[in-house]
Structure formats: structure tokens, C-alpha cells
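Heads up, the next two complexes both have subunit A, just with different partners, subunit B and then subunit C.
Entry: the complex of A and B
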């Protein structure tokens, strides 16, 4: 199973990578929405963790485009934007779940395990 | 919305940030506060909150690294999180980073500012628009940032290292 980590913060990409590395056969990383769209097209990840506030192309636009390219992708939004309207918008666009920053490794693992369960049941 | 309300919202975010940081790494829980703000929470670990005070015009603020977020929409202004190298290195170690280079310290202070401002939308709503963080690696003067409204500085310490949260936000 492939994971793509999308966040403009290197520290957050590293933290997610360290927490989830053992669960995936391949992990790729993108630091903005455009890189994420390009990488999703090339790599077809099963699972994506997606930040929303990023330079160039933001996470909302990236979700829209990735869902158009590969609707089977499970996207977990990981964002500091903690208002309900943003969460609802991301879910409406096709994201599977929403995890608010700051997050613990336990919260991240738990959210990803739910997605992996769905992938394994396919 | 009163200036006090903005301060409360950001203090809640600060407490939550350090609470999560410590929860990730299993520290014991304790809170020390010289202000009434922290008394709303007993969750934050190793975090000491000082009393917010009004900055004078043309005050020089900031420590080694400052993360700055510009606010627009339903509110306007600027929020800064400023910290010394030592505190940011401690946080990086808590994140499990082995390298403590300046690139990561800049990234971290911007991410903290972004997290506090983004979390403020839980209370302030989606019309509280926030910019991508800008990082300043030098002391800064309030006059250079057109802080044309009251600017409050909240000193705090985490594991004995001092840092500052600076809030200059008003309704638009």
C-alpha cells in the first residue's frame, strides 16, 4: 500500500513519516498542492495525508483534482484550520477524514488504521 | 469582539499546542500560571503563562525566530510567535528530529504560529482568514509591521525556556 504525505512543513512531513512508515510499502512526500497532484497522477497512492494551508496550490484545490484523477484515493486532511466549515468543505470534496493539528502519534495512527481497514476490505 | 476575547482564544490554542506536544511524549502533567488565563486549563504540561501586557508604540519585540501570521476577513491584524533557539530545539527533539539546523527551527516557529492561528478559527469561524506563515530571524519593531491597533504580548515559558505570543488583532 502506498502513502503520500502532503504538507509544506518539513517537520510535519517527518513526523507523519516516522509514525506511519511501517504501515506502508512506499511513502512519497509533497510540499504543496501542485506537487501532490503531479505525484498522485504518477504514483497513485492508496492513502494521502493532506495539509490545507500551503503555498501555490492549496490543499482544497489539490483534493478536488486528486479525487477527479483517482476517486478511489483515501484522503485524510491534517490541518490547523479547526472550524467546522473547513472540515465540511474538505469532506464534501471527497476527503475521508479530518484530523486537526496539533495531533498526537496515537490520534494519527488511529485515523490511518481506520483507512487501512477499508483498503484491506476492498 | 473584545481584544480580551482574541487573547483568550490564542491562549487556549497555546495551551492546547503544548498539551499535545507533551501528550505525544508522555510527560507528567502540571501547569503553573501567574495569570488567570491558564486557570481555565489544567492540561498543559511544563507550560508557564505570564500576564499579557500592552506593548508601547515602536516597541522592539521578538527573539531568535519569529513566526508571523497576517489575519484578514472578519478580523484584521497580525499574530506573532517568537522563541529562542533553545526552546525550538527542545521542541524539535520532542518531535523526534535528530537534526537541529536553522531550516528546521524556521519551519517549526512558522508551523506553531500557523497552528495557533488556524485553531483560532474554531472559535472565530472560517471568515477569520490567515496567511501562510512568514518567518523573521531577527528582533523586530512593531512600527515596521503597521500594528495600528493595540498589541498585546503574552510571555510564556516551556520547560524553563522563555518565548512570546504577540497578538495585534481587531474586528474588521
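Entry: the complex of A and C
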């Protein structure tokens, strides 16, 4: 199972990677929305963690495009709660769930486990 | 099998099946019996025809005999006899063995079954026996076209003798068929009655069964409804269901009506309902959020964080038009109903009390924090100084309060009133700043901001009492802050220990030109409030980004407390002034070939006759006359030509008026131009003469000469005098 981590913060990318590395056979990382779209096209990850506020292409646009490319992808939005309307828009566009920054490793693991369970039941 | 096939509908299916079976049974029997009756009718008619044929054969025989005797033609009679004979024989044979005969009523061939009933068979047996004799007698007549007397006579005699017997037998057979038909009719009638009765009974069983079931179901529904109503009327949360079309359900809890003060809930569009209480942006977001619960791809356990209706503020309009603000907490949960439809269970909690409690807790915590902060500020301050500060501050606030009360009564001269309030506030702020009471100083600073705002408005329109309301509110807050300090002071009791006080304050470096530690100790001992100015100067200088040292002279002996307060106020204002506009930054001073450390000196001296001299000087940049000029023009007090014509002395005079400051930005210590005006006010209160000397980039010196005895001074605020003694160079 493949994971793609999308966040413009290296610290966050590392934290997510450290927490989830053991659960996935491959982990790829993107630091903006455009990279995420390109990587999703090439790698077809099963699970994506997506920040919303990023340079160039933001998370909402990236979600919309990734869902168009690979509708079966499970996207977990991980973002600060500055704008709930944007987060809801991301969910409406196809994201699976939302995790608020700052988050604990346990919260992240728990959210990802729910997604993995669904993937395994396919 | 039925139970698995039809489940709880088994009874219904069986009942309907029985109903159909009964009806079909009656129908089949009806068909069968009516067929039999029809056949029986044909038999009756056939038997009756046999009876007639018997008579007609007798008649034909007699006719032939009679015609023959008279030598007349008898052929028609012979044909008739032969026809009747064959018809009778064929019918009798059909009765015996079954077969096809011609229907007497329609003339069409019909099939009949052999008579099997013993009674019928017995009649037929006798008829067969007699018919065989008929055949013997008539058969000779059936061969030739001509009949001999030997043939007709015995036949005629036999038929005449047995005609009535055969007639009777056929009559008996007819009656037998009639009886059989009647039995079958009765059987059919009975079958119909039984079938219809059974079907009717079955119908009523179904009817009553379902009426019973409906009654039980209704009772269950009523019970559930009652239970739901009971639950919904007793639960302390607003509860309702939301369907996929974002329509609110018919049932909801009573608490929901209480929360939103409305009964218009059932069947309403969620969007329109929310729009009555929340801004449109919140409504739109909430609606989008609620729709997420009906989306298959969402894990609803992972979206609670984005719920826009968490602890949300709702403005609820009461009946009289008044509004009430509540804090509400909406939570959503997806439910599947019996019919597999999905709805969202929405729970609304009024968390206003909780939030207010949290706010109160926070307030208490803040207050506690403030008290702790105050404690650390109060502890180093000698009790007498603190008491003086509290008394001075309370007196000042009282005076401001009185002035504000006057504004309610007086309709004019608000501007002058504002100036007096501003001066008083500035004085209070200075005192608070020196003692490090940041909270108090900040309160006075905000108060000054408001005064400035009102002053600005006064330039564009006539003020009224309402314009001063913000000041009243802020004054109340400043009183509260002072009360807080007083409360902490009172809780501490007699905390002040002079020796401890000295130890804790220590000796600041680089701030006093007193040559010995003894001199510092004397200063702290005799005039502790002045001693605090040393640390205050360093602190303020650091805030301004400059290096400065304060030198105090003539203060290591006790100073009359009232005089000390008056001069202290002047010193603080001038100190603010020096640090704000006078002293340059270290870089600027080095460029000007000055020592990097700015010097400020305050000295108080007097002769035996009570003639005092208060000297304040700094080695800063001196008066910025051009700045004062531009301020005068900017504030439209003078035009540029008039400003340009003013000499330095006149410019300094203006600087001592309100609202003329050479600092570009207002901060907590300077920038409003109030400080020098306050100094001027104090000078006048002391009935003193003020001399000012200033050399650009060299120094500024304020010399205040006055005579003093304790009874001469007054704390009343005076308006700026029209004349002053100013020396500027």
C-alpha cells in the first residue's frame, strides 16, 4: 500500500513519515499541490495526507484534480483550522476525513488505521 | 418453510390463499354441477320425449292400421312410426350405455352418460325389457315399404296393449331425472352456501385478525409516540432529525423550542431555520457540513473538527423584539431508519452557562495573574510610597470623575474640560509608570487615547454628554485596577520591611552619580519614590533604545512630602520628555562626538528662607524648534507664515500648551504634548518661575525657582495662565 504525504512544511512531512512509515510499503512526499498531482498520476498512492494551505496549487485544488485522476484514493486532510469552510469544501470534493493541526502521532495513526481498514476490505 | 418465505406476513398469505381456495372450490363445483344440471335437463327432456314418442308410435300404428283397412295410403304414418321407433331406441340405448342423441330442445347432437344410479338403472331395465317386446312387434314394420296385415295387426295390438306401460316407465324415468337434477341443484346450492360461508368466515377472520393487528400496531405506535414525546419533552438537549433534503423532521425535543424560543421547527428547511440565528456565512458553511453526513466517501468520525456549529454564538430574538445571545453546540450523527433511509440526528446544547463560566474562570485566572504580577510589583515598593500612590491616584480619578459629571450638566466648554482631564490622566500615568504599574499605566494610556479621539471629534462637531460615555466606562475600569492594587496591598497587610526593601531593590549600576553606596542608601531611605526613578529611567531608556543615566542631587535628606509629590510629578514628566525627544541614540551621540551614555540630572536645593530651585537638565539634542513649527502648522493653530515668524521663545511657549509634541508617534510615555502642559500647570501651582535654556545638540535645562512653605500649595488643577516666564536661548 502506498502513501503520499503532501505538506509544505518539512517538519510536518517528517513527522507524518516517521509515524506512518511502518504501515506502508512505499511513501512519497510532495511539498505543494502541483507536485502532489504529478506524483499521484505517476505513483497512484492508496492514501494521501494533504495540507490545504500550500504555495502554487493549494490543497483544495490538488484534491479536486487527484480525485479526478484516481477517484479511489483516500485523502486525509491535515490542516490548521483557520478556515472551516475551506476544509468542508475539501471534504465535499472527495477527501475522506480531516485531522486538525497540531495533531498527535496517536491521532494520526488512528485516522490512518480507519482508512487502511477500508483499503484492506476492498 | 412459510415462516422463512413469508416471515411475519405468513398469516396474511395463508388467509388469502384459503380465501382463494374456497372461492375457487365453489367456482369449480359450480361449473361441474351446472354442467351436470344441464345434462340432467337434457335427460329430462329426452325422457319426456320418449314418453311422447311412445304415444306417437301408438298413434302411427293405429293410423297405419286404419288407413290399410280403408285401402288408403299409409306411407306417411309408416315413415313417422319408423322415425319415432329409431329415435326412441337410440335414446334408450344412450340412457343405458351413454352416447350421442339429438337434443329435443335444440335439435343438435348431445352426449349423455349412461345412467348409473340404481333407481334409474332399475327403471331402464324394465323399460329395456318392455322395449325388446316393442322391437319384436314393430321390427317387421321396419323392413319393407309395404306393410301386410299380418305385420300391422300384432304390432298395433301390442302397442295398444303396452303403450301406457311404456309411457308410465318413461314418465317414471323423467321423474327420476327430475329428482336427480333437483338433488344436484340442491348439492350445488349447498356447496355454494358452504363455500361462500367459508370464504366469508375466512374474510372476517382476516379482517378481524388485521383489525386486531392494526389495533396492536396503533397502540404500539401510540406507545412509542408517547414514549418519544416523553423523552423529547424531558431531555435537556435540543434534538431533531435532518433528512437528505436538509429538511427538519416533524418530531423534535421540547428543549429545542426553548433554546430557539420558537415552535416553528417541524418541516422547516434547515438553512432557513439557521438563518434566523446565525450570519449567512455560518449558515452556508453549516449546511455544507451537514450535507457531508450523507456522502458515502466521508468518514463522519473524522470530520467533527470542522463542525462550524461548535460553541457558536446565536442571536435569538424574543417576542418583544429583544435579542438574547446564546452559545450553542451542535453535534451530528448519522442514523439509518427502519426503511433504510438515512437521516442525521442533530443535537443542540445550550453551552452559554459553561462558556460564561469558562470566561469567568479565565477572568479569575487573569485577575489572579494580575494580582500575582501586582504582588511582585508591590513588594519592592515601600508601604508609604504605595499608600501615597494609591491616594494620589484615587484623588486624581475622583477629580476626573467630577469633571466627567460636570460634562453631563454643562453643555459647552467641553474642550477645556477635556484638556483638564487629559492633564490629570497624564499625571496619573506618569506616577504609575514610575512605580512599574504597567496595567494602571496602560489603563491611563487608553484613557488618553479616548480623550484624543473625542478631541478630534470636537473639531468637527459640537460635543454632547454621550461623547463622554466611553471615558466614563474606562474610568470605571481604572478605578477597578486601582482597587485591585489596593486589595492586594490590604491583603499583604504590613508587609513592608524597609531593610528588606533596600535589599531587594539593590543598587542599580550606572544610574547615579552619588559617589558612595551610603549616598544611595540615604536616597532610598529618605526619598524612596525618587530612588525608584533611577531604575525607571533605565527601564524607559531601554524601551526607547537609548542609553541614559539619571543623576539625583539634594535628595539624600528628607523632603516635605507634599513638595516632593509636586516636584516628583514635574521630574517624571520632564524625564519622559528627555527620554522621548531629548536624548539621542548611542549611534547619534557618537556621531555628534558625545559620550554614548546620555546624562539626565535632577537637583533640588534651597536656602534658609525657603527659596527653592528645582533643576532638570539633559545633554540631548535640545528643543526641536522646526518640529514645533511644523506641528503648529499641521494642527492648523498657525499658518506657515505665522509659524515661520515665531522666535524660539515663542515656540517654546507653544510647546508648553496642550497637544504640541515633537514626538512623531504616541506611546505610553510621550507623544501627546500633555507632559509639558502638565509641568506648566505644576509650575503655576507652585507659583514658581520657569526658565528654560536649550542649545541645539548640546543640552536642555529647566530651572524652576519658587518659595515654599507647606501651607502655600494647592492640588487644584488650574487652567494655563495667559502669561509665563520663559527663558530660552
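Here is the rule we go by: the second predicted complex is superposed on the first by the 119 of 122 C-alpha atoms of A that agree within 3 Å, B and C clash if a C-alpha of one lies under 4 Å from a C-alpha of the other, contacts with A are read in each partner's own complex, and residues count from 1 in each chain.
Following the convention adopted for this analysis, a contact is a pair of C-beta atoms (placed from the backbone, for glycine too) under 8 Å apart; a residue touches a chain by one contact, two chains touch by 3 or more.
Please read these numbers as outputs of a predicted model, since none were measured by experiment.
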| item | value |
| --- | --- |
| Touched partner set for A:81, first subunit B, second subunit C, both or neither | both |
| Subunit A residues touched - subunit C or subunit B, whichever exceeds | B |
| Which of subunit B and subunit C A:102 touches, first, second, both or neither | first |
| Touched partner set for A:94, first subunit B, second subunit C, both or neither | second |
| Partner chain in contact with A:40 - subunit B first, subunit C second, else both or neither | neither |
| Which superposed partner A:15 touches (first subunit B, second subunit C, both, neither) | first |
| Partner chain in contact with A:54 - subunit B first, subunit C second, else both or neither | first |
| Which of subunit B and subunit C A:111 touches, first, second, both or neither | second |
| Intersection of subunit A interface sets (partners subunit B, subunit C) | 81, 85, 100 |
| Subunit B contact footprint on subunit A (complex, rising order) | 8-12, 14-15, 18, 53-55, 79-83, 85-86, 100-106 |
| Contacting residues of subunit C [partner subunit A, same complex] | 281, 284-285, 288-289, 291-292, 295, 297-299, 301-303, 305-308 |
| Complex contact set, residues of subunit A against subunit C | 76, 81, 84-85, 87-89, 91-92, 94-100, 111, 114-115 |
| Residue numbers on subunit B that touch subunit A, as the complex places them | 16-17, 20-21, 23-24, 92, 95-97, 103-104, 107-108, 110-111, 114-122, 124-126, 128, 130, 132 |
